[in-house]
Structures are given as structure tokens and as C-alpha cells.
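Read through the structure below, which is laid out as C-alpha cells, and then see the notes.
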Amino acid sequence: MNDGEKLSDRAPAIRIENLGKSFGDFQVLRNVNLTVCQGEKIVVCGPSGSGKSTLIRSINRLEQHQSGRIVVEGTELTNDLKGIEKIRSEVGMVFQHFNLFPHLTILENCTLAPIWVRKLPREEAEEIAMHFLRKVRIPEQADKYPGQLSGGQQQRVAIARALCMKPRIMLFDEPTSALDPEMIKEVLDTMIELANEGMTMVCVTHEMGFAQAVADRVVFMDGGQIIEENEPVAFFSSPRSERTKLFLSQILGH
Amino acid sequence: QSIADKVRERGYVSCGASQGVPGLSRPDDKGVWTGFDVDSCRAVAAAFFGDSQKAQFVPLNAAQRIPAVQTGEVDVLSRTTTWTYTRDVAVRFVAINLVDGDAIMLRKALNVAKAADLDGLTICLQGGGSLVENALDIIEQSNQVKVERVYFDSTILARDAYFGGRCDGYMSDGFAIAGQRAAVAGNPDEHAIFQSGATTEPLALAIPRGDDRWFDIVRYAFNAMVWAEDRGITSQNVDEIAASSTDGETRKALGVDPGIGEPLKLDDKWIYNVIKQVGNYGEVFARNLGEDSPLKAERRFNALPRDGGILFPIPFK
Amino acid sequence: MLQDVRFRAIIVQIALLAGIAALGSMLFTATARNLELRGIPLGFGFLWRPANFQIAETILPYSSSDPNWWAAVVGLSNSLFISVLVILLASVIGLFIGIGRLSSNPLVSGLCRVWVEVARNTPLVVLLIFNYALWWEILPLATEAWKLAPGTHISVRGLSMPALGWSTSAFAPVAFVGVSAVILAGASYAARRRQIETGSRPAHVSAAWLFVAVAAGIFLFAYRDVISLDIPEFRRANFAGGWSLTPELTTILIGLTFYTAGFIGEIVRGGILAVRKGQWEAATALGLSRGQTYRLVVVPLALRSIVPPLNSQYINVVKNSTLAIVVGYQDFMTVVSTMINKTSHAIEGVAIILGVFLAVNLALSALLNAYNRRIAIVER
Amino acid sequence: MADTASNTIARAAAPDARSLLRRLAPFFGTPLNAALTLILLWLMVRLGSLLVDWAILNAALFPAEPETCAAATGACWSFVIAKSGQILFGIYPPAERWRAGLVCILIIITLVASARPSAWRPGLAAIWVGMMAIVLWLMGGGFGLVSVPTSSWGGLPVTLILTVFAIGLGFPAAILLALGRRSSLPVVRTLSVLFIETIRGLPLLSLLFVASILLPLFLPESLLPDKFVRALLALTIFAAAYLAEVLRGGLQAIPGGQSEAAEALGLNYWSTQRLIILPQAIRIVIPALTNTIIVMIKNTSLVLVVGLFDLISSGKAALSDPAWPAPSTETFLFIGLIYFALAFSFARFADFLERSGAEKRG
Amino acid sequence: MNDGEKLSDRAPAIRIENLGKSFGDFQVLRNVNLTVCQGEKIVVCGPSGSGKSTLIRSINRLEQHQSGRIVVEGTELTNDLKGIEKIRSEVGMVFQHFNLFPHLTILENCTLAPIWVRKLPREEAEEIAMHFLRKVRIPEQADKYPGQLSGGQQQRVAIARALCMKPRIMLFDEPTSALDPEMIKEVLDTMIELANEGMTMVCVTHEMGFAQAVADRVVFMDGGQIIEENEPVAFFSSPRSERTKLFLSQILGH
């Protein structure tokens, strides 16, 4: 994003401070600090098991953290139910395996949360849904069931479904890694479009092309810690730590 | 192949019994079948094999009993089966071994003195077309009363339900009921026994159709017990009488003089065996239903004519 | 030739058919011979003769002078009545047990587990008899009945409560009650739809309720002479009149429901566990509450894997209803058995039992299979 | 000094309190949970105290005589104690009851011994066959033991023998039926489906009814099996139909590639089923198999219809003793507990099997 | 294979004449003719649904053909059971999804058929199995279960399992297409080694590198017919039909 204004001047959308999280005895995240500004696009990468998924799942509290703080759009994540619901309706999430509801049509998938959570009238919800389905370029599939769509189409529905809640932040957890090569492009295109509209985005992905194209910052994690964060150009051209270099050589060399 | 031959080959008499009725047929703690009906069948075994233990018992529910005789599952049905026309054309009734009426146990507090007092009461009883079920129908019809019924598949549960308070009355065979008041009721004085006299049902031994010899064996095995009571012969004194009797009929019947077994192709000692091993009718009754049992039932109809009953001994002449 | 696949297949099948036919004909000749030998007549004529026995508790009108076939129908209606009730109750309770088993509260999940284990591991007969005995272990005698509400008593004789009776001239109030019920049902259905459509529950439903209630009050007052409330009263030994629920029916309902709900609970639990974690997370991430997640996503999805095993459980309910007689409730099997005892037509009676159970169960299966097909997840 | 001591105590107590809190969290974490917990606790205490009063405090135990029961206000365990022999062994002759007891122990020991997966090898089948032969000999007599006809068998051994035999014979039949139902030969398939669906649609009670009343008509007298065998036959047929459906579920879950791979290696149909498909299918359906087997254990409670005294009908027979007050609640509780112990331990064992299998194969 | 002898002079290992096959109304193979000589390596390629799998599955009668003839090592495939068994024990097959037996260890997977089909004593079968496991370079995994191995290792076990029957012909149906990129190489290396030993091979694959390295002929199928067959160099450099050109542009351009 090459807009003039400096990103760090904007209000932070997500502030993560000293985040710690463990499953039983196993510490998955330790002392993670990260601030994401409004409209910023962050790509998170790192080897398998490094805690990337856990980090972004903590942001809408699919995982509970044990120490540190997470503040999303000014609301801190605690056990307070109201707070969590508020944050969840402001944060959209797209999963690796789409997780569409197979018993509902595409349209129903998209209108479910607006109707039941936002209490929108059905008509209005459907209008919004069609708007976003057009945006991801599959309005004609609205009445089909997820099982009838290809993987790429399903992932685009998943994005549309998240967008229907009009979230201010979108989280993506390896959205393309379950897709065939031809379909990856469809989904990445949709994401790039979103990015260009100024949505705040945190994206776990190993699509380095995508990172170079849209990321404001790339965050590299290993062993539950953030090892390095930098602008994409600098990150790829002159990684600072050895670990990063090794990792980059593996995924780019492939 | 005749039934008698089949039984001989098999080595024991197969007797139809109930699934557990006090005093009539039930396996006791030791797994031994006891009861009046059981002894009636043992008499057949004693006559036929000379060994009253050569009888095996098949527990049957109400619906199974007639088919079990028809199909030859059992050789003798001695299970409180009322002799009726419909049944007699399906199987073959041999002899009335017991005449029983229905009786209802009621709480004394209800003050039931006559059948009309039963109106509106609830009665627990064994269903499935049982004797007492018929009796209740008759009581209702002839007295213009209406009782509520609760049917069970066994007398035990019907009885428990009554003592639990579910019903005002528990209806059962007249014999069974007295003893249950004594032993099972928490407080026997609370309960009265009402005998409407609506029915006196002839309960009879039955066998499959089509074998006259088997018919005779069963009939006279039973008769042996009645005859013995009539002649004052008991299992205790039978040896003595056999040794000392001068009466021709008695000597022949007890096998002292030869010939009694010949027409039925049985051992000459067959009557002796019945009396010795099972006892005479009076003994069997007393042991299972009467004064020697917890039931303490009265003989009523089941006595010799000279005692006011209807048991006619057929002479072994 | 013998090595040829197709030839072999044909030979095997012919041999099998021949075997079955041989067995059949052997059975047939043996049966015919045995029937002849023992002089057992066959025929269904007895069905049209009076039954001559009573049935204690019936859904359909019945008297002992009705023909046997009607007695069988009445018995069947008794069986179906408890089967349907148990299926409905056990499904609902089973759903909650299945969900309760997954509760985070160890006490709740523990008790649900105890329920399941007791139901699964105890023979139904024992459960039923035990349940029945509980009536008099727990409840008071009729003379000391617990009063639950005016005219409503519970005791070892069961529950008796007032029934609404009316004379024929009271057609108007009955019609009124009927019409207002229809109106209310329609209004709340429309309201529900509207809530889905617009997101808000329209006020007019509450207004409708109020209106109907007030109108009903006025109506009852105006017609107070015509409507009679049949209040049970204690006569001699028991409550007479009104409407009553017998311990026998209640026991078979509770016992069979308890038993079946345990099994259904396990099926539901399995179905819920089979819903992929991702579905939960997706629903949660969209902001749906836990209740909404269950209602809108998890239960509908679980239903797909639940229906086939549920089918077997429903059939089992119908089959298990044959044990009702041990606690004094006369079912189809009991009635036909009594008929066999009365008429000595054992073969016909057993044939009727087998045929009717097969028909009922196959119909039930067909129904559920059709439903299963209807809700199947659409795939490419 | 005092200061240090209290500090230590405080420090020791603090984590304790916290872990206690953490342990209590599931019970009282949310308002709903707290409410549920309180209601359930209250119910448990109320019912529990009633139960304890009845079953323990006011119960009649020794001496096991009718008078003891008449005097007590609570449960009448004296009856159960006095009649336990009859309930457990039915009408088996008392002098020979040690044999019946031995049979129960033998069967249970063999079951437990075969529980470990390490015991599963072909020899095990031989052990079972041998064991069952011994069991039949012990129960039936002959070769030096007093002979006891099957009509006198009863109680727990009958339950165990019927279950083991019905499953043991029904299982191979079920395998054939399940394979038959998936066969490509239309006649085989149709017959299997007909058989399975018919049997599954019928109440066991009616099958036993047929076995007891109609079988003597259907068969020539010379072929007519005795009561015990008839009950066994009915139970086996029932078990076969149910197990076949369970197995079919497992067979369907095996990907087609497995049989193709086996065929491509040159294995014929039966070898493929035996070596490749069935071992996997059975493992998949262990939970469902468990359920079916438990149902079979419980089903043996219906065999009175053919004239066998199982636990329940022995109990009823005991209750018909006119000399005793008849405490049916206690009796059925006792019988229920025996069944529960059998079925529950079996279910736990199956759980263990399932878990151990899962661990091994990652 | 650059041995001097001309391949077509050798005895044919597989002869397929006018092969026709349909599933119901749908004709999958029509009039296919193909002769594979002893020691020849054939690569079959073509778009999805073109009948490649059906063709090679017909060779060991996993599918029954309806018209035409298939003769394998001099035995014609008919309904005759003995013939089928003979052929199956001479033709080894490797599937896309490995189809290892998950309830048996690796060693047991490999000894199963030799013991039960060839009736070898267990010891001998195990010796042979270890020999081939060494050949595919995973003898140390012999006592593990398939579920504990990576995809590439599993596929190598599948190859070893087929080899244990000492087949004279090996069929491969897309053996690498279910694998991660790193693992594809392991498996291709194993196959190339086999090829170099002179095994007759028919291989459905889209690994064009492999085709160029070892194939004697490449067969291109579409719509159930063989459209073109040629030596690899000629096939890739100057495809004759338009269909082939289109197909090659798609898979090579990716």
C-alpha cells in the first residue's frame, strides 16, 4: 500500500502486548507484541507449529490467552461475554478449510449471522449477501449448496460470508493452502481486491507473491515468538536473522 | 408312534407347569418343582415308570399351554387349566384334578360383603384369559357391577401391586390367596377374603388327542390317588396294607395279586408306586395347599363325596 | 467351465435357491403333516367371533363382545400409542442428554452419563418392574393422595385431574376455544416468520394473546352454565370422574422413555461429536451464541449422521413395547396372546403378530429413510 | 520467626486456593452452570438420603428369615440373601450348584483372559471351543458327573452360556450375511436383505414365541431340538441379523482401494475379506458391536418364553414362595445389578480396546 | 532406454486389440489398440476422464472389458478364474492413493501376498520383502504401520509390496499425484531405478520430466481413445494432433 499517510500514525486496530499462551505444559506463544494499525495489512509466516494459527485465533478469542493483553478496536479481550461478542462481530475470519455450513445454501450461509446476530431483516441481509457474492464474483451460485462448489469457489464464499458481517478487521488462516493451484489465484485475487479497499487484514500465508504485492509488514514467527518483522521488500531482500534466512531459502527455493 | 411309546423311549414324562404359582406349581429354593399340579403329574410318572422323579416340567404361560399340548411339547398338561368345550376339542381332557373358585383379597376397610359391593373398585389380576378373569366377567354380569381391572402377566406382580396399594382387590385362585394373606401381607388383619361363588371351575389334566392308552394311564394314575384316600391307604401305611389286606380289589390293585398292570401294559405295582411315592389325594392336598402348607386352604369340593366333595373314586375292579 | 466367473455365479445362486426351496418344502410338508396328525384346524374365522375378554385400558372404544379382530386393532392402537409417545419424548430427552453429556459442568455430564449407563446396561424388564414398584415405594395411598391443585391428586392410583365436559348446546364455547387456538397458532407462526424476515418480533402477537384471553374470560362467564368441569371426587377407595393417568401407562411411558432416551443420548452425542470442529469455530467466529450455534448449525448437521441409527432405535421402541404387560399395560402382543389362549388358534395368532410387527416396522423404516434422503447433504 | 512461619503458610495456601478455584470453575463458572450444580446437588442429597435410609439403615439382613423382613421398615435383603442360590442358579439341583458356579467363573475368566489384544491369535479360538466343551460337560454332566437335563439349567450360567454361544455362532453367520448383503450376486443379496430386515423388524419375544410354540409344528419330530437349543437358535438368528447390520457399517467404511489393492496382488475373494477387509471393518465397528453384544446379554432375560429360568424368571419363581413376604423391588434391584455389572464391565472393556487400537496405529 | 536391440522385436508383454468398455451407457474406452513389448516403458497421459485409469485397470482385470481382447504374457483375459489369477500374480500395480493395508505393518503388507498367494514360507517371504524394502530405501520402517509413514514413504512401500510378488509387468496409476512436492522426487527416483533394471512398465502420470527420462513411448488419450503415441522427444517437440498440442501447453505451462 503506497498511500502517503504513515500507517503508524493511525489508531491501532489491534494491540497485542506480551501475549502468552500454553496448551497444558506446552508454551505455544511467548511474549508476543504486535500492533496492527487501521487499514494495515500484515502477513504472518513461519514454519509449521510456530504458533501462527494460535496467534490469529487468539485475536477473536477462538483461543483464550493466559497472560498479556489483546485489545481489538479499543475493547480488551477478557472473559466478558459481551466484549467477546462485540469483537467477534467486528472481526471476520476465513479458515484454511473454508468451514462453510453444508446444510445451508450459499446465500443462507451468508445471511445466517446477519439475521441472527445483527438481527437484520432477511431481505436486507440477502441484499448485503448478494452484494458481497457479486464482489467475490459468484452471485450465480447463491442458491447452490457448498458441496456443489469447487474449493476455490467455496473459499470465496467463506470470504463473502465473513464480509457480510461488515467486519472492520479480517483474519485469514492459510486461506489458500487447501486449494489446487488453479484455484489459489482466484482466491488471492479476491483478497488483493479487499486489501485495495483499505480493509485491516492479518493473514497467515506462505504465498510470498501475495505478501510482496499487498503486505505493509511481514511478521516471521518461530517457536511461539516473533523473530522478525519488516516491510516486505526489506524482509525478502535482507532478512536479519539466520532463522529467517533459512526459512526463506526453503520456501522460495521450492 | 403312540405317546406312551414316545414317553417310554424318552425316559421321562414331560409335564406342562406354570411359571410360578404358589401351592400349585413352582420351582422351590432347591430347584425342585413342587405343588399340587406338579404332584398330579408325578403320579403319572410313578405309574408309568415306577419312579415319580421321571417327570420334567416345562413352564408355560397362558397362551402357550394349549398349543404346547397340541404340538406334543408336553405329554401331560397339569397347569390349572379350566375344562371347556372349545379346549376339549383341541386337546383331550382327562380328569378334573382340582375344583377351584375365584377369590378376591380386599382391604377390610372397604367392607365388601356381597358381590354388589365390588362396584367401582379396582382389581389386580393375572390376565391372558385366566380362570379368574372369566370369574370376574361373570361377577360383573350377574351383579350389574362394574369393576376396574389391572391385568398383569403373572400373579406375583398382580399381588405385589395390590399390596402396594395400586388396587382395592387382588383376585386369584381361591387356594393361592389364603396363604398369601398370611405370609406376604405386611399386616394380615387388614385384608379380608371374599369368595363370590361366581365360578367353580373344573381344573383338569389334559393330554394330546389320539392316544387312548395314554389317556387311560393318566386318568387312572390320578384315580389311584383318589381311590387310595377313599380306602384309607396312605404313603405311610401302603406297605402294611399290601401285606395284610384281604380285600380282593385292594390286593389286586396294590399288585399283591397279579393282573392290574396288564390292560395298560404297566407294571403290576403301578398303583402301589403312585401311592408310595406321591401319596393319596388327601396327602398331596394337605402337603401343597392344605394344613401342612403355608396356604392353609380348605378342601371344599375337593373331597370325597362322604366329606361333601365331588371326588369320585373309580373302583379298580 | 467351473473356473468361469460368470458360470460359477450362476451355479452358486441356483444352488442357494434350490436349498431354500428344499428347506421351505420340507418345512411345509412337515407342518402339513403335523397339523393333520394332531388334528389342528387352521382358519381365520375366529377373528369375526366375539373376543369375550376385556382390555383394561384402551385408546379406542372396546367391549368384550366386540370381535377378535377389533380386539387386535385395539391392542395395536395401545402399542402404537405408547410407541409414538415414547418416540417423541425419548427423542427430545435424548437430545438433551446427548448435549448434556458434552456439558462443561462435570455434574451435568456425570449425571447424563449415569443415565446412559443405567439405561444401556440394565434389561428393560428389570427397569420396568423396578419403576413400577417405585410407585408404591414413593407415592401415598389413594386415601392420603397428594393434592397438586384443586381437583388434581396424585397417589399410587395415578394422577387424576379435572376434565372439561360440556353438553351439546355448548358447541359455541368449544368452537370458540378451537378458533382462538387456530388464530393464536397462526399469529405466532406469522410472528416467527416475521422475526426471521425483519429481525423484530411484532407487538401484535402479544396483543392477540391479550385479546383472546379477555374474550375467553367473557365467554366463559357468559356460558358458565353450559360448560361443566368434571372434577374427580374420592369415592370409597379411589378418585372417580375427571381425567386420569394410570400408573401402568405412566410406568411404561417413563420406563421405556428412560431406556430409549439413554440410547438416543449416545447417538446424539456421537452425531454432535461428528460435526467437525471447524463448523463450531466458523459459527463462533461469526458471532453466533452457543445456543444459536447448536440450533442453527450443530444440531441440523448432527441430524444427518443421527437419523440412520435413530431409525433402529425407533424400531426398537415398537418392539420393546411388547414388554408393557409386565407392568400391567395391555399391548398388541398381550391381546393376541390372550386370543390364542381363548381360541387355541396359535399358528394364526403368531402369524398375525409377526405380520403386524413387520408391517409397522418396515413402514417406520421407510418413513425415516425418506426423511433421511430429504435432508441429505447436497454434494456435487 | 512467627512472621516467616505465617508467610510460608500463606505461600503454601495460596496455590492451593487457586487450584481449588480452578477445580471448582466448571461447576460454578457461569450462572447457568452454578444453577445447574445447585439444583442437581440438592436433588442428589434428597434422593441419596432416602435411598440410604431404605437400602441400608432400615434394611433387614440377617438372619435370613421371613421374620427379619416383617420387622424391618426398609429393604428386605434377607429374602435376597436366602434366595440368592435360586436366583443365581434357577432350578439347577442344589447339590450340583457348585458346577454351575464353576461354569460362571470359567466363562468370566476366559472372557477376561481373552480381553488383552496380545491374546488374540488362532489358538484363542481353540481355547474357547475347549472351554465351551468343558462348560457344557460341567452343566450337563455325564462322564462321571450326575447328568442334569437342560430343562433344569437356569440363572446366571444360562445367561452367560446363551450370550457366548449366540454371539459365537451368530458372528460368523453375521459375517456371511453382511458380505451377502454387499454381494454382486442378486439372489444372494436379496436373500440376505430379506433375512436381515425381517428378523430386525420382529420383537425377540415373538421369535422366542415361535421357537416355543410353532417350531414343533414346523419340524418333523425327529429333528425337533430341545428347549435350550431352541432358545439358542432364536437368539443366534437375532444376533446374526443385528451383527450383520453392524458389520455392514464397517464394511462400507473401508475404501474401495483396499479390496482393489488386495485383488491386484492376486488374493482371491475370501482371502481378501479374511485378511484385509474384515480385520479393518471389525475394528471400526467395535463401539456398535459392544452395544449389540450388551443388548444380547440383556435379551437373555426373555427366554422364559421357551421355558428356561433365566435370572429374572428365577427371581419371579423365588418371589412366588408363599412362606415369604415378597420383596420384588429388592429382588429386581439385585438382578438388575448383576446385569449391570456384566454389561458395564463389558462396555468398559470395549472402550479400552478401541483406545488401545487407536494408539497403536497413530 | 538406449539398449541396442529394437524393442518391437521382442515378444509383446501386453497386447490390447480393439478394446471397448462402457459403464452403463457411457463409453469409456473405444477401440483402443496398444502393444507393449517386454521391458518397454510406456507413459500414458491425457486429460481427466479420458479413460487412462480404466485402460490400465483393465490390464489386470480390475475392470472387465466388453469388447476386444487383452493378452498379457500370452494369456488372454477372459472370465476364466485361473487365467485371471495367473495374470494378477504376474502384474504388479501401484495406485494413486497407495492403498496400503493400515492394520498390517510394512513388512506384513509386503509378505501378505507372497505367503497367501505364492504360498511361500514366512521366512522366505520376509527375506524377499526386506530385499525390496532395502531397494526402495526404507528397510528401517519395516515394523511400523502405514499410518506412521509419510506419503512418499508409503508410496515406496506400495512399490515394494508389488515387487515382492516378482511381477514381470508393473502398472502405475498416477503414483505421485497424491504426494507433496518434496516426496514426489523420492518416488520418481525409485521408479527410474526400476525402469533401469529393465522392468516392463505402464505408467499413467503427468510428470513430464519422468516421461522424458525413461519412457520408450508416450501415449496420449482423450475421450476414451488413443489420440497419439510417439517417442518422448518427438511427442513433446512436435505433437501431431491439435488436442495434444493444447494439452501439452496446459500442463507444461503451469
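Order of writing sets the labels: A, B, C, D and E. Residues in every chain begin at 1.
The rule is simple: a contact is a pair of C-beta atoms (placed from the backbone, for glycine too) under 8 Å apart; a residue touches a chain by one contact, two chains touch by 3 or more.
This structure is a prediction, so every number in the text was calculated from the model and none was measured.
Enquirer: How short can a path of touching chains from subunit A to subunit B be, counted in steps?
Expert: 2
Enquirer: Moving only between chains that touch, what is the shortest number of steps from subunit C to subunit D?
Expert: Minimum number of steps from subunit C to subunit D: 1.
Enquirer: Work out per-chain C-alpha centres and flag the one nearest the whole-protein C-alpha centre.
Expert: Chain D is the most central one.
Enquirer: When I count C-beta pairs in contact, which pair ends up with more: B-D or D-E?
Expert: Answer to which pair has more contacts is B-D.
Enquirer: Measuring centre to centre, with centres taken as mean CA positions, what chain is farthest from subunit A?
Expert: Between subunit A and the rest, the longest centre separation is with B.
Enquirer: Can you check how far apart subunit D and subunit E are, centre to centre, with Cα atoms defining each centre and the answer in Å?
Expert: About 50 Å, centre to centre.
Enquirer: With chain centres defined as C-alpha means, what is the inter-centre distance between subunit B and subunit C in Å?
Expert: Going by mean C-alpha positions, subunit B sits 42 Å from subunit C.
Enquirer: Cα centroid separation between subunit A and subunit E, in whole Å?
Expert: 43
Enquirer: Can you give the whole-Å distance between the Cα centres of subunit C and subunit E?
Expert: 58
Enquirer: For subunit D, what residues touch not just one other chain but two or more?
Expert: 209, 213-214, 216-217, 221, 328
Enquirer: I need the residues of subunit B touching at least two other chains; which ones are they?
Expert: 61, 67, 71-72, 154, 157, 160, in rising order.
Enquirer: Which of the residues in subunit B come into contact with subunit C in the complex?
Expert: 61-63, 65-67, 70-72, 86-87, 90, 107, 110, 120-122, 124, 127-129, 133, 137, 148-154, 157-158, 160-161, 164-166, 168, 208-210
Enquirer: Under the definition above, what is the set of subunit C residues touching subunit B in their complex?
Expert: Interface residues on subunit C, with respect to subunit B: 34, 37-40, 52-54, 56, 64, 129, 132-133, 135-137, 141-142, 155-157, 235-238, 240, 246-248, 325-328, 330, 334, 337-338, 340-344, 346, 349.
Enquirer: Quick one: which bits of subunit D touch subunit E in the complex? Just the residue numbers, please.
Expert: Against subunit E, the touching part of subunit D is residues 255, 257-258, 260-268, 271, 275-276, 279-280, 283, 360-362.
Enquirer: Taking the complex as given, what residues does subunit B use to touch subunit D?
Expert: For subunit B paired with subunit D, touching residues are 19-23, 26-33, 56-61, 64, 67-68, 71-73, 154-157, 159-160, 176, 179-180, 182-186, 293-295.
Enquirer: Which positions of subunit D touch subunit C when the two form their complex?
Expert: Counting only subunit D, the residues touching subunit C are 26-27, 29, 33, 36-37, 40-41, 54, 184-188, 191, 197-198, 200-206, 209-210, 213-214, 216-221, 245, 291, 294, 298-299, 301-302, 312, 328-329, 332-333, 335-336, 339-340, 342-344, 347.
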